Amino acid sequence: MSAAQSVPASALPVLRAENLSKRFGGLNAVQNVSFTHYAGEILAVIGPNGAGKTTLLNLLSGVYRPSTGRLWLQEQDITNAPMERRCHAGLGRAFQIVRPFPEMTVHENVTVGALFGQRGIRLPQAREQAYDLLERTGLAAHADRAAHELTLLQDKRLEVARALATQPRVLLLDEVMAGLRPAEAQEAVELVRGIRDSGISILFIEHIMPVVRDLADRVVVMDQGQVLAEGTYREVTANPQVVAAYLGTEAGLHA
Amino acid sequence: MKKMLLTGLMLALSGAGAVKVGVLLPLSGAGSVSGQAARSGYLLALDEINRAGGVLGKPLELEFGDDGSAPAKAVPEFVKLVTVDKVDFMAGGVSSATSIAISGPAKQYNTFMAWIGAAAVPVEDAFADHKYFFHYHPWAYYNFEAILGYFKTLKTQRKAKNIAIAYEDGPFGSAGIDATISAFKKAGFNVVMAEKFKTGSGNFGPLVSKAKAAKPDILYWIGYDTDALPLATEVKQQNLQLGLLYGTPPSWPVGFEKNKLSDNVAGLSLWLPSSPQPESRKFVAAYKKKFGTTTEEYFAPLAYVNLKSLAASINAAGSTDKDKVAAELAKTNMPTPFGPLTFSKSLKTQYQGFKSGNWLHFQFLGDARVPVYPIRFAQKPMVWGK
Amino acid sequence: MNETRPEQSRPDGLKQDATTQARAGQELVIEHLAAGYGKVQVLWDVSVRVGPGEFVAMIGANGAGKTTTLRAVSGVVKPTGGRIQLGGRDITRAAPSEVVALGLGHVPEGRELFAMMTVRENLELGAAMRPEARAAQQDTLEQVYRLFPRLQERSKQMAGTLSGGEQQMVAVGRALMGLPSILVVDEPSLGLSPLMTQTVFEALKVVNAEGVSVLLVEQNVGLSLRLAHRAYVLENGQVVKEGTGEALLADPGVRAAYLAL
Amino acid sequence: MDLFLQTLLNGLLQSGIYALVASGLALSVGVVGIVNFAHGEFLMIGAFLAWAASASLGIDPLLSLPVVALAVFGVGALTYRVSIRHVLLAPELNQMLLTFGLGILLQNLALMLLGGNTRTVSTPYQASSLQLGALTVGGPKAVAFAFALALLGTLYFVLYRTTLGRQMRAVAQNRRGAQLIGINVDRVYMLAFGVSCGLAAVAGVLVSVLLFASPTVGLVFALKAFAIIVMAGLGNLTGVLWASVLLGVSEALVQTYVPGGGGWSDAVFFLMIFGTLVLRSFRGNR
Amino acid sequence: MSAVSARPVPARRPTFAWRALLALGIFFVLALAFPFLPLGDRREFLLQIGFFTLVAGIMALSWDLLARSGQVSLAHAAFYGLGAYGYALLLKAGVPWGAAMPLAALTAGFVSLLLGGVTMRLSGMYFAIATLAFTEVVRTVIQNLPESVAGGANGLLVPALLGGNSRGQYLLALALLLLTVGVSLAVRLSKLHHAFAAIRQGEETARVLGVNVVRYKLAAFFLSSVLAALAGVLYAGKTFFISPLDTFSLANSISPLTTSIFGGLYTTLGPILGATVLRVAEELLHNTVKNGYLVVYGLVLMLSILWLPRGIVGLWRRGRQGGDL
């Protein structure tokens, strides 16, 4: 398979899905999806609206339990693990629609991640860690503001900082670039790369193709609940099926 | 002596040193109907007492407190009357729960209590060892004694043998219900049904259906005014054949007697405005003069009697000394709208006023409540449905 | 791009009646608008003009005040200063219902559909508040279905169960059902795949070609500038630049800031 | 067998009252999103108005019903205007406290003006009933049941088949979306709240015929109506009917067949609600 | 936005709400001094009012503790009642009062864990009605069990707390309020605060961040119910008499809710101030307006929501949300 070429031979799998399916009533939202996510890799999941990307992400993060199939995080079977256990196992998630705790300060928001995402940590220590993360994500100046006062971009930073505070091995990012202008998106791309360089594997959903192009080591294309193609950005965008289902006649529209 | 009279007069004019009676009543909340009725009775009595020269030569003063029908409100209110307003005597009391709640401070301050209501047995327990506790209203077991007496007559005269009981599931209906049932049985009745209901729910369908299957001669219900019409309606609708529908709510719905469904329903009261006794007529006339209306609530004359007898005893004692007043009140023998008032021992307390013999049984006949038993009070023959 | 417009989606069947009259684009004039939420002032000085039948875009960073401007136009946010006129009438303090009655259609950010109603009910509600739109409801519905055939297939489905792109179509369709003479559209491409984004933008072009004025707010600056006749650049609640789409596309400052080129 | 059938019938008839009270509440919760703790007090106002018309003017409550409903609709709309509309965007708890305060105010106003006494009205048909063999159907209760059905049916029709109803549902589902398509949200809320209060008054009029009028008459029924609409699922009208029937019938069965059942019927009522809510929450779509 | 740059650089450590602590300190100093003040004739009466105000404060603050975890409960009458009944029954069984008090509270705590366990997944109105239903079920069961079990509908007589010494009773209630405040402050300054607030403001997000929602919801239930039960014990020992209709009444579930909102939600000071102000206002109205005082009281509640949506403490913490003690 062509995908194998983009994966370093030495890499270890961190997140592995095997034949995941999810049915809602009569609708097969996700069907027999299998993929492997390797350590240190940035993996993109793209696909048309309604392809099942968000459902897949919800299966990974534990919002839903799969109808069939299995899911491993490193060596741990997390198919039916509740969300908090996945978090402790090393899975972090940032949401498409930002969900700060609105009445908490920015600092407290991140402290929640540090405090409960790790085991055996005390409050002062968690606050310290949270503050460091705020500095890293450029939010330190807003530490004591209520989260509901932030702008969208700051909210997105907060969302990522909070997920990072749980010290994940894999970070799931759900369209975190949506609503950012290109220059901001470029900044965000750098931020995500930096996160990967610190040893965290990243799986993200994204519609903005330049971002996918710049970030993804590997791309999984979904359509109608199934995996349509898998490979490097160049490989999948050259795939006529992908173009037909996802990119349309004017692939350059977003450039 | 002259000097004394003079100071007395001056005191009376200044109001200082006047005898103060605190009155704790449920002026709001669940028991407010009885509480407000009692308040009118007190005000009427106060007028008459002061017009007749007051107490100990000075005008009597009343200090009302509202217990809100809740123990948590009753306790501070009671303490306020006793310690802040420094009343010499306490009167009032309708609800049993609030009366128990104040038994603590009452004993602590050794308060003199001329209590009109609170008929539940736990109240008797709570005040059993209180030296100055005068209880006017018959205890619950006296009520039952009266009812049993009446039913026994019906047994001999009307061959009433089967009794069905419907009682509300709160303390009012459930108090001593087991004892009631066994007493009926002991007296030779068949208790063919004993069912609880939820007061105010208006849901008597199942209960009446069940009663129908049990074929009772008497349906005896222990509930509140809210249950009167729904029960009567259901009995009529399901065509339950009864000799008598007999109930003991503390009060009846306003205008119930004008409703056709009330016909032949029977009940129990200490007093009826239509009572022919001279004391009762006097009370009704005075009440009408002061308030422009008549009252149906027996708590009005009860409160009236309560204050009148207390005032008389203070005057007889010649001072507000609790022991002297208690001794005088214990000796009371005065005519009242309920018949003569005397105090004697009850099961656990020293001074119990009215007892089973003061109860009268009436029936809704035409547009009015008419006494039908005991025979000496009866104005019309009772109507038996079977 | 004009050649890609689907021919069949033109409202060929429309008669020359009040309906068409209502469709003739109205002019929207925003002058020195100031507005905010509570104590936070978002708009300081925004002046924007959308001529009859014109397609105008507003671009700018997050928090620049684009959405707030649209909300002020719709009457959801009450301006603290400045003036808004629609077709010559002052609507600065008008309630949303009055603005809609004057012929403004709003495709809001986040779509704001009625999730537990069918697609058709959503669309029909779009026509419910204007008598002239109600009278033309059947015709308009058919037009919307022609514009978005997908919606006809899904007409009995609950709007909440649609995919993001389909929901965006419903949102546009719902606004069109009110026979607007001017359409304000907020971030229609958000969360949409490239293909779906195309479809929605095609539809906007068609609508505009019919004479409806359009005021568009969009992250996808390249796309919107190519589509728009004119555009405004907002920064910190103020208009800092304006010009034709082409001119702004060629502007090095704009290219650097918004096109990441 | 007769007893069993009669029991079912008794339960069914009782459920009519529940459904009647719940239908108005369902509207204010479903459309306006306000948990109106004073709903029982609007019922009480309806009951007292019917009683007053009957006692002082001799008008039959069923005849005064339209006027009473309209009057209380007005009171409700006014209440919305001066209070409810100012807390629409406030936290749910604040809304609860507001309507709770309103309930205290109205109830005690009635107590102050009218005293705590129970009042009853007299109508010639109060005791009328229909005999079906050995079974009895109480006339007024049957009328109340029919009213409940008709009201729920009308409500359903209005909400799903009329423009105003669609507007109400639209506002309920997405306030901002509704605003942006030109619906006068404030007006719709006012109408919905007013109608909700008017429906409470209709229930109140029937309760005055069936049972009684008193300042506290609303309390028992409002509490149960709350439980019913929550059990039905907020805003679900057909669910209101089913939940009422289920609860009414199970109450009747307990009252008839369990010794001392009259005392336990409330426990069963609330236990069923508790159980339904808990089970449903665990059956979720996880 | 321009406002951003004007903000001072925030401290690395949390800024402590000294003002709130100071206010709490003043409250307790005044409350402690109260029974020793020369109050003259009104002393006894004021002690009684004070006692019930303290009980209301315990109830409100304990309700607020549970609400902080997003659980708006109508089961507080049940915990209050279970405390009162547990205490009465333990005394009847011969347990000394000093032991009966904590035992009754722990019993309520245990029951609350069962309740919390099954209502775990409910929220909003559904949770509120489920807890209300629970209360009604408990009340009806106690009311309908044979009298020999727990007094049935007639209720139970309870021996007087501290032999009826009203100053002692007041001080005991004050000590228990201090305990409640201590618990509340400890929660505020610990991990629990972060867990509660996160669950309240976004349960799913909290779980994604590793918060064990089950554990913390139950913790909130347990703490809250134990404290509410202690309030119930105080009530029972003060009024000598408990009955299902009084102790389990809906009013006992609703008044802590209204008190907390009135005072200021999710704070330690708010519910206590709310209880004090409402109780004093009620007493004043009672003595001035007399008959219609509850009408005015209802009006006061309505106006307070319209004009003071964030409660009394909202008066001086306008700018902030939820950061205070």
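Read from first to last, the chains carry the letters A, B, C, D and E; within each, the first residue is number 1.
Rule of thumb we're sticking to: a residue touches a chain if its C-beta (ideal position, glycine included) is under 8 Å from a C-beta of that chain, and two chains touch if they have at least 3 such contacts.
Just so it is clear, the model here is predicted, and its values are computed rather than measured.
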item: Where subunit B and subunit E overlap in contact partners, by chain label; value: D
item: Per Cα centroids, the chain farthest from subunit D; value: A
item: B-D against C-D, pair bridged by the larger set of C-beta contacts; value: B-D
item: Length of the line joining the C-alpha centres of subunit A and subunit B, rounded to whole Å; value: 76
item: Length of the line joining the C-alpha centres of subunit A and subunit E, rounded to whole Å; value: 42
item: Subunit D-subunit E separation of Cα centroids, rounded to whole Å; value: 31
item: Multi-chain contact sites of subunit B, meaning residues that touch two or more partners; value: 28, 169, 196
item: Sequence positions of subunit E contacting 2 or more other chains; value: 1, 140, 143-144, 291, 294
item: Residue list for subunit A, restricted to those that touch at least two other chains; value: 151
item: Residues of subunit D that touch subunit E when the two form their complex; value: 29, 35, 83, 86-87, 90, 92-94, 96-98, 100-109, 111-112, 223, 226-227, 230-231, 234, 260, 263-264, 266-267, 269-271, 273-274, 277-278, 281-282, 284
item: Subunit D contact footprint on subunit B (complex, rising order); value: 28, 30, 32-33, 36, 166, 169, 195-198, 200-203, 205-207, 209-210, 213, 224-226, 228-230, 232-234, 236-239, 251, 253-256, 258-261
item: Residue ranges of subunit D in contact with subunit C within the complex; value: 163, 166-167, 169-170, 173-174, 176-184
item: Subunit B partner contacts - residues on subunit D that touch it in the complex; value: 3, 6-7, 9-11, 13-14, 17, 55, 108, 111, 115-122, 124, 126-129, 131, 136, 138-141, 207, 210-212, 214, 216-217, 220, 251-252, 255-256, 260-266
item: Residues of subunit A touching subunit E in the complex; value: 61-63, 82-84, 87-88, 92-93, 95, 99, 101-105, 107-108, 111-113, 115-118, 123, 127, 131, 140-146, 148, 151, 162-163, 165-166
